[in-house]
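Only one structure is covered here, and it is reproduced in the block below.
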Amino acid sequence: MYGASRVYKKVEVIGVAKESIEAAIQAAVAKAHKTLEKISWFEVQDVRGHVGEDGAITEYQVVLKVSFELK
Amino acid sequence: MYGASRVYKKVEVIGVAKESIEAAIQAAVAKAHKTLEKISWFEVQDVRGHVGEDGAITEYQVVLKVSFELK
Amino acid sequence: MYGASRVYKKVEVIGVAKESIEAAIQAAVAKAHKTLEKISWFEVQDVRGHVGEDGAITEYQVVLKVSFELK
Amino acid sequence: MYGASRVYKKVEVIGVAKESIEAAIQAAVAKAHKTLEKISWFEVQDVRGHVGEDGAITEYQVVLKVSFELK
Amino acid sequence: MYGASRVYKKVEVIGVAKESIEAAIQAAVAKAHKTLEKISWFEVQDVRGHVGEDGAITEYQVVLKVSFELK
Amino acid sequence: MYGASRVYKKVEVIGVAKESIEAAIQAAVAKAHKTLEKISWFEVQDVRGHVGEDGAITEYQVVLKVSFELK
Amino acid sequence: MYGASRVYKKVEVIGVAKESIEAAIQAAVAKAHKTLEKISWFEVQDVRGHVGEDGAITEYQVVLKVSFELK
Amino acid sequence: MYGASRVYKKVEVIGVAKESIEAAIQAAVAKAHKTLEKISWFEVQDVRGHVGEDGAITEYQVVLKVSFELK
Amino acid sequence: MYGASRVYKKVEVIGVAKESIEAAIQAAVAKAHKTLEKISWFEVQDVRGHVGEDGAITEYQVVLKVSFELK
Amino acid sequence: MYGASRVYKKVEVIGVAKESIEAAIQAAVAKAHKTLEKISWFEVQDVRGHVGEDGAITEYQVVLKVSFELK
Amino acid sequence: MYGASRVYKKVEVIGVAKESIEAAIQAAVAKAHKTLEKISWFEVQDVRGHVGEDGAITEYQVVLKVSFELK
Amino acid sequence: MYGASRVYKKVEVIGVAKESIEAAIQAAVAKAHKTLEKISWFEVQDVRGHVGEDGAITEYQVVLKVSFELK
């Protein structure tokens, strides 16, 4: 397959989840996979999160780029 | 609302306006809001501009990322 | 034309070609031009590539941003 | 005065204002000046903002570093 | 609440924990929440760690910025 | 005009003005336009400023690159 | 021990694992520890991953630098 | 020659050419060599380009730094 | 000690000294050690300086981050 | 193959060639392939070059990272 | 003086010296001060150097930006 | 010599010394020169250090890349 001319598109998304960084990534990938295109790979750009009144992390927000082939 | 799983998309746009940096940002946000999705927030990436024959700034070009929820 | 309010969108794509970096850029620009919008300019972000079993480069992968006016 | 040994501290703050980027900077500088120390200079790190339901910018959020002498 | 003038402060901390990256983040956030101010959000800057004699990770060290409102 | 071989030079300048970021940019562009060459465009690199004894911003210092054609 | 002259080497590796980011880091550290030298610490550079046909993450790929003393 | 005190200057230029990235670099180097000083080496900063109505690349614009000794 | 949960704080300071870069670092570390907390390590961010009327360097200004444990 | 635990190593090399950027990349990849390990992919970091007495480019120097599996 | 409109220019130079980093900075500043303009301040960008046959450092090469007022 | 095809390798090392930044660089270069290959040049990446109980710098840690020809 390598060597064949082809084109991919990268889209930036933010996944949010309560449990873990991995869960936030999976949320974003799954959503993009359903609403945009069949995602091939992802790259994490930033990890952020919200903190509740009691000092506990209430959610992880992961900024990532997802890529898919433009057919 | 924090803690609920959700996904946002970030789109990169360039707003151009004659008057000020703020006007260029507002132009880009308003356009994206109308043609793409209901924008929630923006982040400035770069500020550039064009200069006329007489050395006066003829326009500000502001590169920014705008974000909206993927529903 | 400078001074008129207008808005552009930037999209990130990856072009792949066997011959050269320029061919990979042209592949990505042509595809985006056809499937997305009439592209006005591009900016190279990254140059990568795949290497075959014999140590020869089998393809160039060029990550670039392409821009077009939002009308 | 140059050449005399002295030490400064840099603190990162975010100013928020409705009117303009400059107003957000001034808000952050004034607050830091009153609650922390007598600020000597500032450096802008990031410009962001919030967008309302109607696509209008509701506030500018400017991340900046403010510096003051440690006596 | 958006549109009201207000100021936040960002502080850089490093959380250390044995179990996971998330545990190191939570350690830093909890500590800052107790000794500094009521933290609103965090941003991960760097993830590092220590390795034991046997090649097992003995701890994760996560550098992050935590933010709180300056009242 | 596109497609014709030509060369531009970029020069880094700092504009200082009391009123606003835009005024500082215009000051630098005007000066460069008069003492160096006929500037075609500018790119903002950094925004900084000085703060007075009373916590008011006394001036904006904008670092920018200005470009002109080398004939 | 601090103050004694010594030299460390940093090597860049990529760990791949199915379960989590931490598992990918541990895979890379363990391998480097066995085939290269006794690793003292690591620094994460990038987190990426592959996505399967069904939109599920099939593996995490973590780029990291591992360091060891040059004796 | 190494060890002798000497000073170099770096100048930022943009070369434009229709054929290739290398042609754009050569255009900028040749021009700087003639109008500024005898260039010793160059460093590419950015590769951009313009796209025509038909989606073909009409020119490559390469931003580079060229260096020469200050005598 | 590795493996025990603990938290560090990083503070950004600028040391100024006439003699050398090392003297400017030591000035900042010593001051922070006395007025803030017992510093454990430092990381240089930027090296700048002032130049006198005669072209001689009048002082080195070193921006650095100093770290200490939050107990 | 995706999902199987494995580890890659990245090595930084500089390829030098007279003809083009692609020739310099191929030179570095071929050499690394022969003296180090069977390279799988490369990533360009920097493009530089030397200029002759007459202002012609005498060589391209391309800094790149090459990657191979650690078995 | 703060508050008065004025413009500075930044020029990038490389100083080379055998003894130390500070000597290389001073060499570049002194040369720029004599051949260009009366320098006000400098900012170090990069520190590099050459190594002799015997593994001893033969010179330090410091890339810096020097700034002066455009009158 | 310029124009001849050749390949260099870059290795990242950390030199530690008590006296100065230059001493830490020389320590790393000398070690790499002896245990790896005949180093041709170096590039400083980061300068860090450790601070003792009394606030005095106990050592400088300089991260640098050293380069040598791959023959």
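Lettered A, B, C, D, E, F, G, H, I, J, K and L in written order, each chain numbered from 1.
Here, contacts are C-beta pairs under 8 Å (C-beta built on N, C-alpha and C of every residue); 3 or more make two chains touch, one makes a residue touch a chain.
Note that the structure is predicted; figures quoted are calculated from it, not measured.
The set of chains touching chain I and also touching chain L is given as K.
Over half of the residue-numbered contact pairs of I-L are shared by just one pair in E-I, K-L or H-K, which is K-L.
Relative orientation of chain H and chain K, expressed as the C-alpha superposition rotation angle, is 120° to the nearest 5.
Copies chain K and chain L of the same chain sequence form an interface built mainly from non-equivalent positions, shared numbers / all numbers used being under half. Centre-to-centre separation of chain C and chain H, using mean CA positions: 22 Å. Rounded to whole angstrom, the centroid-to-centroid distance between chain A and chain L, based on C-alpha atoms, equals 38 Å. Chain A and chain J have Cα centroids lying 30 Å from one another. Counting only residues that touch two or more partner chains, chain F has 11-12, 20-21, 50. Listed by chain label, the pairs that touch are A-B, A-C, A-E, A-G, B-C, B-D, B-F, C-H, C-J, D-E, D-F, D-I, E-G, E-I, F-H, F-K, G-J, G-L, H-J, H-K, I-K, I-L, J-L, K-L. Within the complex formed with chain L, the residues of chain K that make contact are 20-21, 46-51, 53, 55-57, 60. Chain E makes touch with chain D in their complex at residues 2-12, 65, 67, 70.
Residues 21-22, 25-26, 29-30, 33-34, 38-44, 66 of chain C are the ones touching chain H in the complex.
Across the interface of their complex, chain A is touched by residues 11-18, 23, 27-28, 31-32, 35, 50, 52, 58-59, 63 of chain C.
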